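Here come two complexes built around subunit A, the first alongside subunit B, the second alongside subunit C.
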Partner chain A sequence: MKWYVLRRLGISVLTLVLSTMVIFVAVRLLPGDTAQVMAGESADAGVVAAIRAEYGLNQPWPVQYLQWIGHALRGDLGTSAGTGLSVAGALAARLPVTLELAVLAVLIAVAIALPLGQLAAVHRGTARDYLPTTGSLIGLSVPHFWLGLLLILTFSVNLGWLPASGYVPFSQSPVGNLSRMIMPASVLGIGLAAVLMRQMRSAMLEALGSDYIRTARAKGLSERVVVGVHALRNALTTVVTVLGLELGALISGVVITEQIFVIPGLGKMTLDSVFSRDYTGLQGVVLLTATAYIVINFLVDVTYSLLNPRIRVGAGAS
Partner chain B sequence: MNIRHSLVAVSAAVLALTLAGCAGGAQSAPSPSAAGAVKKGGHLVVAISGAPDTLDPAFTTSKYSTYTMPNWCERLFDVDAKLNIIPQLAAALPTVSPDGKTVTIKLRTGIKFNDGTAFNADAVKINLDRYRTNPRSAEAPNLKNVVDTKVIDENTVQLDLSAPTAPLISVLANRSGMMASPTQLAKLGDNFGNDPVCVGPFSFVSRPSADTINLKKSQYYYDKNKVNLDTVTFQVITQPNVRATNLRSGDIQAAIDIAPADVTSLKSDPNITMDDVVSLGFQLLTVNVANSGGSGKPPYSPVSTPLANADLRKAFELTLDRNAINKVVYGGFKTPGCSPLSPASPWYTDIPCSKPNVAEAKKIVAASGVKTPIPVQLTIQAANDEQTKLGTVIQAMAKQAGFAVSVKPTESAAGGAAAQAGTFDAYMNGWSGRIDPDQNMSMFWSPTSALNYSGANYKDINDLMAKATSTTGDNAKRKALYAQIAEKMNADRNYIVLFHDALMMGVRKQVTGINYYSDAVIRLKTAGFTTGG
Partner chain C sequence: MTPRLAVKDLSVRFGTDEGEILAVDRMSFSVEPGEVLALVGESGCGKSVTAMSVLRLLPSIASVSGSILLDDTELTTLSAAEMREVRGRDISMIFQEPMTSLNPSFTIGFQIGEVLRRHEGMSRRQARERAIELLELVRMPAPRSRVDEYPHQLSGGMRQRVMIAMAVACSPKVLIADEPTTALDVTIQAQILDILRDLRERVGTSIVLITHDLGVVADIADRVEVMYAGHKVESGPVDDLFENPQHPYTVGLLGAVPRPDLAGGIQVRLQEIPGLVPVLRSEPEACVFAPRCLRATTECREAMPPLELLQPRQHAACFHPGSRVADYSEGVSA
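Moving on, here comes the complex of A and B:
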């Protein structure tokens, strides 16, 4: 187990290093000059040159990369070329917002997907299968933007139950926080639930058709124990893997939702950084997202190996 | 100050006021008003459609900074509802020497910055010198003719110019006129934008993210009895329909840049008042005529695209029906026009526009001998749905005369880069507009301007623009010169102005006192909630 974890850790670090290179190059391949965007379209060449010098944009790419990595390792992600604010400070302020949104979305998704996935699998071919399956198809098909506006129009404009937008820290007002987060978390959660529910149903069907389930039933175990303990545990290994991948995607996929609900999270920062060609801001936010993705995958791998010991044995034998 | 100076100043002021008063087309509107008295206190949330960049007036280039910053960073001069320049931190309009090369500004007395620092001539000199000399200053080009700033006494500054510069006063009614606290400048230097302190009805509190700016009522403001609100938040909401939805729900109380598609539903909402004024800005179709090596870098040499041909440009324009574009794309909310000067401006002169004439356009195309269909690539900014629609409508109109327009969607930074490099045939762009006519014309037509994407360089226009810029003290003469320039520009068609924007603001009915003029600045000094709201 120890070697398995260490090897996975090594792969994660290597992936992270390669990610930083890709991030660095990718943002510079975007058309448009960040110094020109900062200086304004009508700016003199002298002003553009001064900005380029100040932000080190006149240095060769390898030098810029090493400077960025060197500073990043010390926790300094630079100053936003767009707003002049500290990138690390902006990320520190925005990360908890996006994390809260992601966690709430996952909770909503899991609360919907696991019971419905089980229900659909156990009652395969009946109405209790068709209804959740059709619901998941709708959940997959509905665009976040449309669903978000629909929720705002219903619950904020027409019913007046929830605020339409904005963010209040939980520490400042738990009610204010949750009343503003429930709609965006639901938008994200419904999409995620659709994916998880289908995975859950497939995994449960596979588990329920396995030999060990037949054996368990032959031994006279109750259906509740067979489904809720034996089948569920095995089905969860697949679902946890998918959840991990989806969680990473969720953190990077909040762009639209944060735009609709005016939530000052990482998604909105990503979009703003792209449009303002804010290299430092964009590098910071993508680096953080990539790191989150890699760490989550690492944790999923470890969790997966705990749930299914054959994984680490197989990995060790290879 | 001698008598001659005073006479020049007074006559300039009278002329400016007379000119504005005579400008029948000038438009600007007061804010929506609601029934009931205004109460003191309250928190106002105003949605804006894009994020300001830095909040340092020396470095910002964002129009969203310009729209919001005057609430915490007043200027030496401002404009009134009819866009007449009026003193703000200055005590009066400036006096100009007979040779036009010395400008004297008297300052208001007893004013303090929002950190308690005294506002005086020394502070003005520090600010103007910073704008002129900081290597990163975006304002330096606007003040390039200022060779020295002198403190005459505690409340008087003098600007020495290398040449008479008529646009100077309007420059000082914009970002160059914003006065930062010398104490805060000394403390933060180039990071001033992170915690700006100026003179204003509100003081800056925080910017927790790029999208949110929090202000509170200033305790040092010279006119604080007129300020009603306790706190203000400028909230960036980029999506037009999200802005409209938030306005309807009441989460925000005012929103600018309401999209035409949302206007009808908002107008039918009994809780919302819609206000619109004609903007100083305009939408233009930039044609690449001679920008083969980058804008602002003359000499230019003609490019090889079809629209570099003056006859074909004329034919192309003759296919464009500005009124139809306005109705189809914008629901009739824009003001069709062909001059860079808006009907809202006191400098506006109604010049004749080309009327759509497809038959004539076809004749010109046939006479040119160019084989049809004539390929034209039109670059548009796809982030805006209306731009996409506009591109499609132009495509359909131009097709009637044999032009095969392919619409190339891009986003603003990439589009701007391509326009500067000259790698485009036609480019749809806009200009938010300035008070002074020069800054709406020379930005595009001056050979050395980075915005001269077309590569325009015409001696007659350059000479006339130089003459108009140096015409101080005779606004009527200057206005006539700009009318002449606009007609010449229209004949050359490097930039085909299509229409002037409508500034649309939606306000909840319990809010009153927001002053929203054609310069698009959101003035909240007298804003407040009504007692019935």
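Moving on, here comes the complex of A and C:
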């Protein structure tokens, strides 16, 4: 187990280093010029050059990269060219917002997907299978932005139950916070639930068809234990992996959803940075996103090995 | 003596996309307390289906008719909840595939203990202690440390021991062993059979042994039921049946087994039985073995031979019984 975790950790760090390079280059390949944007459309060449020099934009890329990494390791992600504020500070302010959104979305997704997937598998080929399966197909097909607008139209404009947009910190007003977060979290959660439900269904079907389920029944165990303990434990192994991978897709969903519901999270910051050609800001937010993705994958691998003893020992022996 | 388990006129049909399949047709057999009964036949002749239907573990596409009596309890009419009380406590089962029959996500101690917690109301701690004893009983090396291991850490033979430990945890009245040694190598086979024999003596469990391996039958069984295409074709005490088989299918099965004990040169070549077990769609009107049988005559193709007492303790369903060896090299008479 220890070796397995260490090895996974090593791979994660390597991935992170490679992704910083990709981020750095990709941001610079974007069309547009930060110095020009900062100086304004009609600024003269001298001002633009001065800004370049001030932000080190006239240095060769490898130098810029090493400077960026060097600072990043000390927790300094630079100053946003757009806002003039510390990027690390901006990220720290926005991270909890996005994190809350993501956690709520996953909770909603899991709460919908696991019971429905299990139900569909146990009652395969009946209405209790077809209804959730069809529902998940709809959930998969509906784009985030459309579902978001639909929810706003229904619950804010027509029914007037929920505020259409904005953000209130949970510490300030839990009700205000949740009433604003429930719609964006549902938008993300429903999309995720659709994927998870299908995975859950097929994983449960596979588990239920296996020999050890026959053994469990031959022991005289109740169907509740056979399905809820013996099959579920094995099905979860697959579902946890998929959930981890889907969290990456969730991040891209966050960008759009935060834009629709005007939530000041990382997704909105990503888009704002792109529009303002804010290299430092964009680099920072993408770096954080990539790190989150890598950490999630690491945690998924570890969880997977906890659920599946074969992996744990197999890797430990090597 | 009243039989421990009495199966009477058991028929099993499967509704499939290609129509109905008759897997078992009016099969009857019984097992006395402490007796080892072998159900023998080729793959696909209905042995496993018979066993699974006793525990009512067949999928819902199967329809089962007939009577299954455990002592005085009719199992076919029990409710699902009552049947769960029987499974694992009164009748338990060992399966052919030890590699896949244990849940990979739980320790073997948990899986053995589960039966005890379910049927004997033991606590987790008690069940674990008892599981260690049971592992000792099935001669698992180092049971105290093995109890916390996962199935993938064990060899096939050890997994089958775990399956047996699980099956005998509640000292069942009947143990159904479906090809328990088929997936194991020969030395392990002998040990597993030894364990089963030991259990029969110690606990008095009746064993229904399903196998195609006549060596195993000779080793452990008291009586044999030979099945072919869902039908019983011959039955009798193991010695009589091996000595003097009556049905040509039994003769053929015995002819396909190497017999080093007959090294005198009586049997030079192993004989195979050409053809395959047929899949029945409805109740047959003629002998099911006739298409593969050298003795078959018009009579065999027109009527179903009844199961008759042919030797003092031996029944066979054949119009032309006898133990003479058929010579397939001359071809099946059409």
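One rule holds in what follows: the second predicted complex is superposed on the first by the 311 of 318 C-alpha atoms of A that agree within 3 Å, B and C clash if a C-alpha of one lies under 4 Å from a C-alpha of the other, contacts with A are read in each partner's own complex, and residues count from 1 in each chain.
Rule of thumb we're sticking to: a contact is a pair of C-beta atoms (placed from the backbone, for glycine too) under 8 Å apart; a residue touches a chain by one contact, two chains touch by 3 or more.
Bear in mind that the values here come from a model prediction, so they are computed numbers and not experimental data.
Undergrad: Which partner does A:I260 reach: the first (subunit B), the second (subunit C), both, or neither?
TA: The answer is first: A:I260 touches subunit B but not subunit C.
Undergrad: Taking the superposition on A as described, I'd like to know which of subunit B and subunit C A:K219 touches: first, second, both or neither.
TA: Second partner only.
Undergrad: Is A:F275 contacted by the first partner subunit B, the second partner subunit C, both or neither?
TA: First partner only, subunit B.
Undergrad: Taking the superposition as given, does A:H230 touch the first partner, subunit B, the second, subunit C, both, or neither?
TA: In the superposition, A:H230 contacts subunit C only.
Undergrad: Subunit B or subunit C: which reaches more residues on subunit A?
TA: Greater contact footprint in residues on subunit A: B.
Undergrad: Thinking of the overlay built on chain A, is A:S165 touched by subunit B (first), by subunit C (second), by both, or by neither?
TA: Only subunit B; A:S165 stays clear of subunit C.
Undergrad: Let me test your reading of the model: by the given contact rule, A:A39 touches which partner, first (subunit B), second (subunit C), both or neither?
TA: So A:A39 only meets subunit B here.
Undergrad: Scan A:L307 for contacts with subunit B and subunit C and give back first, second, both or neither.
TA: second
Undergrad: Go through the superposed model and pick first if A:V157 touches only subunit B, second if only subunit C, both, or neither.
TA: So A:V157 only meets subunit B here.
Undergrad: Within their complex, state which residues of subunit A touch subunit C.
TA: For this pair, the touching residues of subunit A are 210-212, 214-222, 230, 233-234, 237, 307-310, 313-314.
Undergrad: Where on subunit A does subunit B make contact in their complex?
TA: For this pair, the touching residues of subunit A are 30-33, 36-47, 50-51, 54, 80, 82-85, 90, 93-94, 149, 152-153, 156-157, 160, 163-166, 259-260, 262, 264, 268-269, 272, 275-277.
Undergrad: Going by the contact rule set out above, which residues of subunit B touch subunit A in the complex?
TA: It comes out as residues 51-56, 59, 61, 135-138, 140-141, 191, 193-194, 207-212, 235-239, 241-242, 245-246, 248-249, 251-252, 296, 383, 410-414, 416-418, 420, 443, 449-451.
Undergrad: Touching subunit A in the complex: which residues of subunit C?
TA: Its residues touching subunit A are 55, 57, 84-89, 92-93, 95, 97, 100-106, 114-115, 118-119, 150, 152-153, 163, 166.
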